[in-house]
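Presented sequentially are two complexes of chain A, the first with chain B as partner and the second with chain C.
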Partner chain A sequence: MKRKLALAICLIMGIVMMVQFFIPHPTSLQFNSMILKWVIILSAFAMVLAIGNLSRHHGLIIRKKKKNWFYSVVTLTSMGAMAIIGLFWGVDAGSLFQSIYLNIFAPLSATMFALLAYYMASAAYRAFRARSLEATLLLAAAFIVMIGFMPFGQYIHPRFPSFAEWIMQVPNMASQRGILFGVAFGSIATALKIILGIERSWLGGKE
Partner chain B sequence: MPLYIKLHVGFLFFIFTIAPPTNVHAFDKPNDSGSAIHIKWEVSQDDREIEKYIIFRQTLPDTTMEKIGFLKNGSNFLEDDRTDDAREYRYIVASSKNSELAFSMPSNTTKSYPQVFHSGRINILISIIIFGILLVYFVIRARGGRDLFIRKIPGLDAVDEAVGRATEMGKPILYVPGLGDIVWTATIASMNILGEVAKKIAQYDTPIIVTNRWSVVYTVSKEVVKEAFATEGKSESFQEDYVRYLTEAQFGFAAAVNGIMLRERPATNFFIGRFWAESLIMAETGAQTGAIQIAGSDSVLQLPFFITACDYTLIGEELYAASAYLSREPLLMGSLKAQDYSKLIVLFILFLFTVLSFFNVDLLSLLGVQ
Partner chain C sequence: MKWFEVISKIDRRIIYLLLTLFVILPLFIPIKIPQNIMPQTQKLFDFVDSIRPDDKAVMLSLDYTPQTAPECHPMALAILKHCFARNIPVVGVSYDPQGPGLAVEAFATVVDDINRQASIKEDSVIYGEDYVYLGWKSGRIAALLEMGESIISVYPRDHFRNAVDSFPIMARVKNYKDIAIAIVLAAAAYPDDWVLYPQSRYGIKVGAGLTAVMAPKYYPFLQTGQFSGMVSGMKGAAEYEHLIFAHGYTKDLGTAETGMSAQSMIHILIIIFIIMGNIGYFFSRRKK
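Presenting the complex of A and B:
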């Protein structure tokens, strides 16, 4: 019964939202905005469950004094402190919340992002080892594109930059578009399969 | 400088040293929810000399004109998005140079109104109908027991090996369903794959860690894993701790996943769903821990990173085919055939449009699609 109800809601709402996409009338738009508000409300309920999960998981680690338990203390303390500061002193510009966000959270995020440069170097090293024909082609294409986009490239040969641009705009773009066509049909297929109840993996299977 | 003599609303004669715009035409904005009128005109003969066009509106039956906006020279279109659907309007466009104005003839009277069908999306509707027919046809064929060939996808064939490896090593399996919210189709596809992967994991009694960025995705993935364990008759093996909510912060999430990979050392990592700049940060860390890695994404910008750092990568549509491939359910397999035939149709249309473009035939504008 529980599964049939979920499938019925999915079918009805899927068809209704699909029809709504083709109707620009204000009533249709109001309906869409109402559904979006429902999604926000549902997300708020889900957030309670999610925070419960986070607290439970780290609480358990601290209680059992598992390895690296102090990281869990930091997580729970940070979460609690930010929630209290935000609730009682506000989140407006110039507030303590914003100050902590801009001076601690933002630099930490930027640090993680900056690590990407080093990861790229190590990944590029692995990818560009010419172990096969494909890897060799990849290495050659990457070399041409890198040199072509550098000011130095045009001194090697005046047509180097335009050749690099051609690699990006023609073979690269063609393969990207090929992937995107597949993705577009895959997306429509997934949506239709779920709406029509053909795909039930999200309910745990067909049974 | 030519002189222009024009008669206007108010029956007054004006003498202009600049030419006014002509053929002012007002019409309801197509495919909208009302409250908007489009105004088009032919630019003044002295377009290069004038500074701007000033647009005036008359709300009938009033006789007064109100200024509703201005545009630089060269412009010939304005959208008036502050109209009342119950009223009729008329427009005048004036060329302006220094303090001089040259008024056009008044436009036709028109009203704005909402449409009940978006004609600019008819191509999407036709595509969905054709695709839907193909889908139903192949599903019926599959239900009839016809064997449908599907090419091998190494990344999906490796799932059994990956789960087996983790079981042998006694280590957990990490599943990251992307960083997209549940509104992303890639996330929904990832949930379908998670269901199939969780069933295999339940059979082997191997621990799984599913990390989530969004609260709604967390609740869905928890239900998917729980149901998969129940389907395999292993409800008692499911642990609440298998599915975890981490954080909404993009790089905070990446840091948390990296921490899990380094501390808990999963034997297998799945990165399946929608990813952004954090993809390589996580995939490279996983590669450094020696885990077997299977990735899948529809983001063309992140695919090269996954291909570089992971053992197997599901590229684009393979992500959406994974659930059918893993479950081998005939109905789902039928849908893959529908996808393939739809691509064939698109290929034919692309070829047709390309050939027509050689003869300067622009079918898109002829069809009026957006």
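Presenting the complex of A and C:
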């Protein structure tokens, strides 16, 4: 019964919101506005759920003293400390919260991301080889785009930037558009399957 | 070991060392390289430049993270400088939880810089009058749609917990009708949502500032006119910096210009490595 009720709500709301999109009457707009506010509030509850989940997961690791449990202590302490600092001392420019964010979190995140450059350079050197016609085409396109988009590119040949732009505007755009269409059709099909109750994994995955 | 085997089997530690040198050296010895402005950057600049002063606002969605800040943060600074120099009101929002920290920093940097140089009150930029930062909101898609009806109903309080209806700027910026363009600075697929929902429903103009990796995906949006311009990667940010500098909106170039020297050097190094790897591969295959 519980599952049928959830499916019925999903079906009714899915159809109502689709129909509502095409009715510009004030009542319809008011209804839409109300539903959107509900969604914003419900999304905020997802955050509570996420915090609960994270705390439970890491709490369990600490309690059972599993491998690398001290990293879980760092995670929970950081989460709690940042929340308390933000809640009680504010998040203005120059606040303690902002200082920690800019001077600890931001450089650490940037460092992790910057390491990718080393791996990419090494991987490009080892793996980017003209082994087949397709790989050669990819290599040539990558070369032209990289050189064309570099400020130096125009000095190597004045046509490089416009040729690089052509690659982005024509072959790249054609393939991207194909992917976008595929994603859009897939999204429509999945949405319809959920609204009509064919796809039920969102209910917990059991029949 | 033959020469072609040597160039195709360079130790990765040598690659890492050269990479480090090629990043660090241009930061100390900057190389001035004239920028060729890409059409999409010019388009966004022209759009912002055509907004009448003290009329419609620019909505800036700051959704980039510290990882991508070297590419997106200079864009935010350049666009803010451009808007404030032209007296265009700015409404800042964020839908990525990591966005607000950098957004607060971006506003503070630009506003402090302008106010330090301002000799009279009219030249200064005032919070609540010339700009406001509304902060992060959960339920992104619902929030984007609801702002088409009323921004205050989505954001009754700003990022700093002030009542938004007390700000003079919000008396004239009520919903998307009062927004000239929403510029989304993002390191993830946030611009898609702006096009799919508020643009298709309310017709709001959308511009984007993206990381270079993301840019190829968004070319179709430019061609269809769904994007009114796009700044891509550090190069795009450097181009925007050049444009506002050339038009006299700022007295100096920003950080993207310096970063471009290092990035260009790295690209050259990677190209050299790929060529060497392929020459080695070609000769070793011929030998077999």
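Assume the second predicted complex is superposed on the first by the 167 of 207 C-alpha atoms of A that agree within 3 Å, B and C clash if a C-alpha of one lies under 4 Å from a C-alpha of the other, contacts with A are read in each partner's own complex, and residues count from 1 in each chain.
As a working rule, a residue touches a chain if its C-beta (ideal position, glycine included) is under 8 Å from a C-beta of that chain, and two chains touch if they have at least 3 such contacts.
Everything quoted here is computed from the prediction, not taken from an experiment.
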item	value
Chain B versus chain C as contact partner of A:Ser122, first or second or both or neither	both
Chain B versus chain C as contact partner of A:Asn53, first or second or both or neither	first
Touching partner for A:Met150 - first (chain B), second (chain C), both, neither	second
Touching partner for A:Met173 - first (chain B), second (chain C), both, neither	second
Contacts of A:Phe22 with chain B and chain C, given as first, second, both or neither	first
First (chain B), second (chain C), both or neither touched by A:Lys193	first
Contacts of A:Tyr101 with chain B and chain C, given as first, second, both or neither	second
Touching partner for A:Phe113 - first (chain B), second (chain C), both, neither	both
Footprint overlap on chain A, comparing chain B with chain C	21, 29, 42-43, 46-47, 105, 109, 112-113, 120, 122, 124, 126, 176, 179-180
In the complex with chain A, residue positions of chain B that touch it	31-34, 114-118, 121, 124-125, 127-128, 131-132, 135, 139, 185, 188-189, 191-196, 199, 212, 214-216, 218-220, 222-224, 226-228, 230-231, 240-241, 243-246, 249-252, 254-255, 259, 263, 277-278, 280-281, 283-285, 287, 298, 300, 303, 305, 307-309, 315-317, 319-321, 323, 327, 329, 331-332, 335-336, 338-339, 342-343, 346
In the complex with chain A, residue positions of chain C that touch it	10, 12, 15-16, 19, 23, 33-36, 38-39, 65-70, 98, 100-102, 104-105, 107-108, 137-143, 145-146, 149-150, 153-154, 159-161, 201, 212, 215-217, 219-220, 223, 235, 260, 264, 266-271, 273-274, 276-278, 281-282
Complex interface listing, chain A residues touching chain B	18, 21-26, 28-29, 42-43, 46-47, 49-51, 53-54, 56-57, 60, 67-68, 71, 105, 108-109, 112-113, 115-116, 119-120, 122-124, 126-127, 176, 179-183, 185-194, 196, 198-199, 201-207
Residues of chain A defined as touching chain C within the complex	21, 29, 32-33, 35-37, 39-44, 46-47, 90-94, 98, 101-102, 105-107, 109-110, 112-113, 117-118, 120-122, 124-126, 128-131, 139, 143, 146-147, 149-154, 161, 165, 168-169, 172-173, 176-177, 179-180
